[in-house]
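Read through the structure below, which is laid out as structure tokens, and then see the notes.
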Amino acid sequence: MDMSTIGQVAVKLAMEKNDDKLKRLIEKASSLGYKVMTGQVGSMQMEKVIASIETGARRQGIISNVYREEHSLYHAIIEALEGICRGQLNLGNALRTVGLKFSVVSGPKNVEKKEKGNWLAVVLYGTIGAPIPGFEHEAIGMGINHI
Amino acid sequence: MDMSTIGQVAVKLAMEKNDDKLKRLIEKASSLGYKVMTGQVGSMQMEKVIASIETGARRQGIISNVYREEHSLYHAIIEALEGICRGQLNLGNALRTVGLKFSVVSGPKNVEKKEKGNWLAVVLYGTIGAPIPGFEHEAIGMGINHI
Amino acid sequence: MDMSTIGQVAVKLAMEKNDDKLKRLIEKASSLGYKVMTGQVGSMQMEKVIASIETGARRQGIISNVYREEHSLYHAIIEALEGICRGQLNLGNALRTVGLKFSVVSGPKNVEKKEKGNWLAVVLYGTIGAPIPGFEHEAIGMGINHI
Amino acid sequence: MDMSTIGQVAVKLAMEKNDDKLKRLIEKASSLGYKVMTGQVGSMQMEKVIASIETGARRQGIISNVYREEHSLYHAIIEALEGICRGQLNLGNALRTVGLKFSVVSGPKNVEKKEKGNWLAVVLYGTIGAPIPGFEHEAIGMGINHI
Amino acid sequence: MDMSTIGQVAVKLAMEKNDDKLKRLIEKASSLGYKVMTGQVGSMQMEKVIASIETGARRQGIISNVYREEHSLYHAIIEALEGICRGQLNLGNALRTVGLKFSVVSGPKNVEKKEKGNWLAVVLYGTIGAPIPGFEHEAIGMGINHI
Amino acid sequence: MDMSTIGQVAVKLAMEKNDDKLKRLIEKASSLGYKVMTGQVGSMQMEKVIASIETGARRQGIISNVYREEHSLYHAIIEALEGICRGQLNLGNALRTVGLKFSVVSGPKNVEKKEKGNWLAVVLYGTIGAPIPGFEHEAIGMGINHI
């Protein structure tokens, strides 16, 4: 699994549990021209998941504090949540909770095919399930937007 | 990114483009107790995507030809398509097309935490976009079900 | 299970397979002040299911041929289909097919609590599944609207 | 309306208001090889409806306390709620409330056609409407899953 | 942009910011046979938006306090919210807030083509966005129902 | 109803039937710094509606022929269709058809509050209904995206 596209970079970052390997992935991504950040969040409240990613991405400088960029990030997060929720965007209302690691990546859509303009990728990866330990399975979601 | 869960195995398989590396991943997954298969499909018709995965999984023996297992697979495919479609399950009707690689994996939910009973994971990874070459971006979807 | 509400009448009619019992149910429903009709339709095309119910209800005089009543029936059908499809309103596009019996009933919302004005109930009951004989399970849907 | 399928059993149980008749239905269902339970719940919070059914089914022994069975039940409940909510899975957020009777049934998909393996059916039946007495109409939902 | 249909009347009323012009629009709409009201509401809670429109329409006499009319209005509001929310009916759960002006109009579907029976139109117009001043854009939604 | 925002401009253009008035609206919008186009499309096939808007906007130079701009337009169209379809994005599959006028507008989000960067607005306005003349009512949808 290589890292020549923004989606591959974002998936690799969100799924890497080992801190040393994550550090090397971040360095490699940076050398390819990507701005990246990772984080984690667990909640039954979907708004907390969204806020956590938005705050992280802004603090790490992946997006700047203007509405156009926040709008792009917001829609990428919502699209990634569709993959996590698979059908209806709710967590606690549907008696389920998530434990997620996430990545936000900006840069070229494809490292090899040089195209003008930045894109934004959000990947969420982790578990979703009942609020009972172990009663959960994996889920992944990816949202990509122009920025 | 390790391979200790059914979802990680399925993501790795669906995203690996290199044939030799894919072969080694399949061997590793088998040695961990997983039954796996991979394939690819491109279409504007969602029913063709579904049929292609179902047929592949049946031929490769991931599921047997009984309704209970087909029912489990079908719902895992639909959940994975939610991640690809992000909101509304349609392709051609919404003037968009997909080019996807997919994996179907059955086995334990987690290699390390031994639990009884098999699970099924479907991962779709590839591009979605307008029916114009290059007018597309990446998408991923994962569906997990008990079998 | 009694027949004192429009929904109960519609469920009973849609689920009764025995012709003689169905005839008696229709007579009982009529005596309670309900106009009723039943029919059946099997298809992978959702538009055919809708058309079949609309045509039947119009021919049997449950609704008259004015837009207001057709509008009421249409939305009741769509709501009933939500129960059949459970999440996304598509059949063939999602590689699935239905075999349904249906009822359309107009009359009071509740026989006992006399309220002014008619209501309309549509119930669909039958099987949904893969286009493979036996690979299917039951589903039910009810739509109720003012008329 | 006979009781030869899991869905018919579940509908009959969820719609029977008379205690004596319900008792006889339960005995008949048991004699056909079904494990059944019934209950009722009223709420504007969808998570309470879900929790009430899950708790009831576990206490009555319809499912055992392992994740595979809870996963099967959860998805059957969500599918039944699609029939109740008809489009968007929310209650209080959409200013509406439900008063529901429910049944959970496990056993063969069809009593006559002997197939291996158990299935699970959840039926919800009752009223949905504004939080104003009488401003409500009937709704039904059924979810069926392999277990 | 003329005012010969119920939808045009409702859009004009919901989008007019100038009080004097709004007064003249209301007079013109009344002279064409429409009952109209306008209001405004801002919230992260969708149920408050719905309640605000329902209460306003009832107080202004657009609908009377019977369930049939409330049912018609409720569904028109929900349909208008689909245009505002564009995909998933939630506000605060998705970390977004609205500031809306709204109109509720009852009368003929079309002033020129005389048809029997009243219709109801709800139009919502305003902004939707993050809970940060200025981080928002416009949205509109219209729901039309027979009454 | 003034024209100080991109959404107001787009609504006015999509709802103006009179050719002379439309010409003046276009001139006014241009003088305010907006690039605009209008068109019309009627179909039971949603993909034809989307294609018609995309082709028109490209030919009229509202967007240029690069993926980033097409991606922005596509999502704005889909969001506008959510307002038209109100719940499920399908037309012919749900036995309904649309007759729509549409506008595509690019420029500042708000003429008065000068912000950097262009936005794109798509407004669809017209009728949706059964494929029977007169069995239809109005609908509107607006999609706004950064470009």
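Labels for the chains are A, B, C, D, E and F, by order of writing; each one numbers its residues from 1.
FYI, a residue touches a chain if its C-beta (ideal position, glycine included) is under 8 Å from a C-beta of that chain, and two chains touch if they have at least 3 such contacts.
In this text the structure is predicted, and so the values were computed from the model without any measurement.
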Chain whose mean Cα position lies farthest from chain D: F
Of all other chains, the one whose Cα centre sits farthest from chain B: E
Comparison of D-E and C-E by number of C-beta pairs in contact, larger one: D-E
Proportion of interface numbers common to chain C and chain D (over half same, under half different): same
CA centroid of chain A to CA centroid of chain B, Å: 20
Interchain centroid distance [CA atoms averaged], chain B/chain E, Å: 44
Chain C and chain F: spacing of chain centres that average the CA atoms, whole Å: 36
Sequence positions of chain A contacting 2 or more other chains: 67, 71, 87-88, 90, 93, 134, 137
Residue ranges of chain C touching chain D (in the complex, touch as defined): 1-2, 5-8, 11-12, 15-18, 21, 79, 82-83, 85-87, 109, 113, 119, 121, 123, 134, 137-144
Contact footprint of chain C on chain B as seen in their complex: 45-47, 50-51, 54, 67, 70-71, 74, 78, 88-90, 93
Of all residues in chain B, those that touch chain D in their complex: 66-68, 71-72, 75, 115-117, 145-146
Residues of chain C defined as touching chain B within the complex: 88, 90, 92-96, 129-130, 132, 134-137
